[in-house]
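Consider the two complexes below, in which subunit A is the common component and subunit B and subunit C are the respective partners.
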Partner chain A sequence: MLQYWTAILTEATIFGVLALGIDMIWGWAGDFDLSAYAYFALGVYMTIIMTVGKAKAPVEYVLGWRLPYLLAVVIAVVVVVAFASIIGAIALRNLRDVYFSITTFGAVWAIYYLVENFTPLFNGYNGVFGLFDPMGQHLSYNAYHYFFFAFCLLVLFLVYLLVQRLSTSPFGRMVRAVRDDERAASVYGRNVFWAKYRTYLFGAGLAGLSGGLFAAYIGAFNPLDWKPTEIFVLYAAILVGGRGNPRGVVLGSFIVYVGFVEMTRYIPSPAARPELGPALRQILIGLLIILMLKFRPSGLLPERLGTDGTSVQRSWRRWFTRSRRLPDPRPDDVASDPVIGVES
Partner chain B sequence: MSATALLEIESLSKSFGGVVAVSDCTMTIREGSVVGLIGPNGAGKSSVIDLVSGFEQPSSGSVRFAGVDVVGKRPDQISRMGMIRTFQTPREWRDLSVLDNVRVGRSDLERESLWRSLTSARRLRRQDALDTEELRELMAHYHLDELRNDRAVGLSGGQKRLLEFARIASAKPRLTILDEPMGGVNPVLGERIGEAIRELKKAGSTVVVVEHNLPFVEKTCDEVIVMDLGSVIAQGRFDELRDNKRVVDAYLGNDDE
Partner chain C sequence: MEPMLRSVSGDMSIFWISLGMGLAVAAILALSAVAFTLEYAVSNVVNLAHGEVLTIGAYAAYVSDTNFHQNLYVCAMIATIFGALAGTALNFGLIERFRNQKPLSTLIATLGASLILQNLLLIGFGGASVSYGFAQGSLLHVGPFLWTTLTIRVMLSAVVVAGLMYILLQRTRLGKALRAVSQNRELAQVSGIPARSVVMQTWAVAGAISGFAGFLYGETIGTITPTVGNGFLLLSITAAVGGGLGRPYATLGGAVVLGLVMSIAGTYTSSAYQLVFAFGFLVVMLLIKPNGMFVRGRALTVRA
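Let's look at the complex of A and B:
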């Protein structure tokens, strides 16, 4: 049972890193990116093929190096960012909102089918495998898993510190201004594309890093292990936790991965219909997204406002108030404005 | 009044498909003046602003700002040369606090480098804190100090207008172009906006105001440019233009009719 929990929590931790990356792109910069799962998968593939050595027929894949695990992860992140720089340059130049999403969704499926059908790249449908115990054989099987969980937790913590620091920095503020109104941001001298592009690459880099961790966790990876649509689970996590708030995103990842994905495994399926359980899990995640959007669209821990530190509502009090994303007031509200005075 | 030209627009033209929005438009804005840009709907006022600020590219003609040709530059590049424009509706950054709106308005671009935000976060935060005092004074001036920690989207329409002025004041531009600052504004607030424009001038900014409220234009502007059908038909002091037949026909209207 302890091993089972370690496995689940390790997974939640790895996806927490991925969620932080996606949240930068969507929560901060406002771009609903659907290709992040490709960056994650590319991170997994790259890490595996750079650590397991030459391919033996009939298995085939590129590179086939035997690098130390950590070095492989670093190179994988570099490759992912380079790759994202191409997709980002195309998708972010002139496309916004749903057009941006469609483009990135097209990109991820193109990559998916390429990986699945072009065998020389990552062994196609059968995938790559063989990475196990990147620490060498110094630890026992169980001890290794506990160690790896602690390692992932450390990485998540460091990534969280980094992202949190960026989130509250002038850079994070500027990116959010671009998100809220990019024409106004360019009127105040901000290069909109460059702001979004840098955020996109940073988020993609985190996706690649989480892929590097996942490679060591899962050991083998093939197209059955990832579907581009799984990104909606991560968006559910971000929505539950709080879009734009790194702390909320980490919380949301744990709630969704532990609470929804894993707990729903216990939903009994009748022997005649074994597919009922997994389908029900998807339905529950869809329902979770809808309920959050209806009742708490800014999440459990809403995005934090940049204030001067005075007269800020305590976060626990915000729990009891409705979402603070208010509707636009009508122009005639001016008439009864307490500050500007009543209409003369 | 200083005689140097800050903005020189020469035979500017723009057509969208078959529609000619601006045709052979020529005007000069002198540094230090408050200029009203008036004309009937569809005269091309907003199009000229879009062309000058880089949101649209002209079909032909030239725009020189502070002696530099700005045609072909992006809006953010033109803005960094010292030009701030507004739009017909207030465009606040809705999910930023009022304070952050003004902070971003300051356009302190060096602080926003990704690298510095990662490596010297503490120093940047200290710099932000040092600015707070000054920015609070500025916000108090526009009746926004009480609201500084609120999300900008919750402001009323009038407060959003004032936030726009606070943002401009913190950016200290050389040229401010206001597109209908009086749209949807009550008379009391209108007074305050007129005052804000005079304050901008006092602070050293040249101001161009597109506005339909003629009494306001008469009171606020040193000079008026009248546009019709995409080009300038008159330029001068407001009371001089009252007797100009073309202006009267095109815009001011005739009492006899």
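Let's look at the complex of A and C:
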């Protein structure tokens, strides 16, 4: 039972990192990016092929190095960011909103079919494998899994601290200002494309990082493991937790992952209909997205915005110091501003 | 199908044959893309559940084919009716509920709907592919092209539907109202046009066209799975954006161009990369002419 929970929580932790990355792109910059799952997958692929060594006869893939795990993850993140810089440059330059989503939607499917059919890259449909554990020689099987869970938790915590810090920094506020009103932000001298582009690359980098963690967790990876539609689970997690609020996003990914894994365990899945369980799970995800969007789009822990447009986070310190009470969030403040709220 | 065609004819005519196949694909694509663009025109929504309406049409025809009749026309009619029902239900149950929200929220909601519908179909019909009992027909040489009776029938019916759509848009009250609503819903409403009802009827028409296109697609490729509409959705989006999103005639042109580009590119590489080419086409169009190639006027920055 303990091992079972460790496995689920490890997965939730890894996807928490991914959700934080996606939330930067969608929650902060307002770009609904459907290709982020490809960055995650690229991170997994790169990490695996850089650690398992040369490909043997029927299996083929590029590189095939034997690097230390952590170095491989770092290189994977760099590769993912470089790749995202191409897609981002295309999709963010002039396209916004629905058009941005369409472009990334096309991109992720194009990448998916390319990886699936072009075997020299990542062994196509069969995928890459070669189970390895970064610390395997020194630890027993169970101890390794506890260690790896702790390692993932540590990574999530560090990423969370970084993202939280960035969220309340001038950069985070600027990105949100750009999201809320591009024209006003550019009037005030902000480079709209550059703000969105940097956020995009940062988010993609986090996706690559979570891919690197997932590689060590799963050990084998093929196109069936990263159907582009899987990204909806993450968007559901972000919606449940609270879009734009790092704390909410982490909470949401734990709720959705643990909740859904636990819930689908009790759905009867007869041997004759193995697709029933996953299908019901997807239906629930779809319902969750629609209902959250309709009835509580800001999630359990909403993003808090000060009247001056700054993003204010409830912090533990404020519980004790009783600093000045902040006004309630009013996201439409900017839009209704008589000076800059002219654009509908 | 392609290897067979290659063996039938020499290397010289491969270009013409693939062009002919491209026209057949383009015909179905045109119907699907026009439905997609009509939905965008009246509701200002990028309907990512569009592919599932096609799939519903295809499966409705399949059920009718296996359980009741082996009649082509009955199947086509059933597919159309169920497509119309699905379109109406989607509009009434989802799009209208999200009308006051941003286009992006509606897009995300349609993604959720797509997930739900696709998996309901998976539960209902299983993941294995099914096929109709209709024959592919015999090979026919028409000029430089090589078609089957089936592809000719598909193209003819697409032309007929496009013609009907032209009449609907230009010659009927509904078409006039539809064009008005797509320009400005509020203004149309205050001018006495029942906007809600017009939008609903448009979704029914778009759904009917999609259902019919789904049937044609299932007939042409021979197999249907619950995810059959998924790949076709991306092609429809590409055709619509490439031609001009929200403009039915421009979308028709975009679909024809995309169908030809894909089939010719697929001839010289592999048809597995069709969607990759489609994406390349989409990116090129978005970069050089984001409003669509058949829309006059200078290229504007596309912001919703």
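Some observations on this one:
We take it that the second predicted complex is superposed on the first by the 296 of 344 C-alpha atoms of A that agree within 3 Å, B and C clash if a C-alpha of one lies under 4 Å from a C-alpha of the other, contacts with A are read in each partner's own complex, and residues count from 1 in each chain.
Just so we're on the same page, contacts are C-beta pairs under 8 Å (C-beta built on N, C-alpha and C of every residue); 3 or more make two chains touch, one makes a residue touch a chain.
Predicted, not measured: the structure shown is a model, and the values here were computed from it.
Of the two partner chains, subunit C is the only one touched by A:A107; subunit B is not.
Comparing subunit B with subunit C, the partner in contact with more residues of subunit A is B. Contacts of A:F32 after superposition on the shared chain: subunit C is touched, whereas subunit B is not. In the superposition on chain A, contact of A:F232 is made with subunit C only, not with subunit B. With both structures placed on the common chain, the touch criterion links A:R176 to subunit B but leaves subunit C unconnected.
Within the superposed three-chain model, A:M1 lies out of touch with both subunit B and subunit C [touch as defined at top].
By the touch criterion defined above, A:I289 reaches subunit C but does not reach subunit B.
When the two complexes are overlaid on their common chain A, residue A:V192 makes contact with subunit B while staying clear of subunit C.
Listed in rising order, the residues of subunit A touching subunit C in the complex are 30, 32, 90, 93-99, 101-103, 105-107, 109-110, 113-114, 116-117, 182, 229, 232, 235, 273, 275-276, 279-280, 282-283, 285-290, 293-294, 297. Across the complex, subunit A meets subunit B through its residues 162, 165-166, 168-174, 176-177, 179-181, 183-192, 198, 202, 244, 303, 305-308, 310-312, 324-326, 328-331, 333-335, 337, 339-344. Across the interface of their complex, subunit A is touched by residues 53, 55, 74-76, 79-80, 84-87, 91-97, 99-101, 103-105, 107-109, 111-114, 117-118, 121, 124-125, 128-129, 132, 136, 143-144, 146-151, 153-159, 162, 167, 171, 184-189, 192 of subunit B. The touching residues of subunit C, when paired with subunit A in their complex, are 46, 48, 94, 97-98, 101-105, 107-109, 111-116, 118-120, 122-123, 126-127, 231, 234, 237-238, 241, 270, 272-273, 275-276, 278-280, 282-283, 286-287, 290, 301-304.
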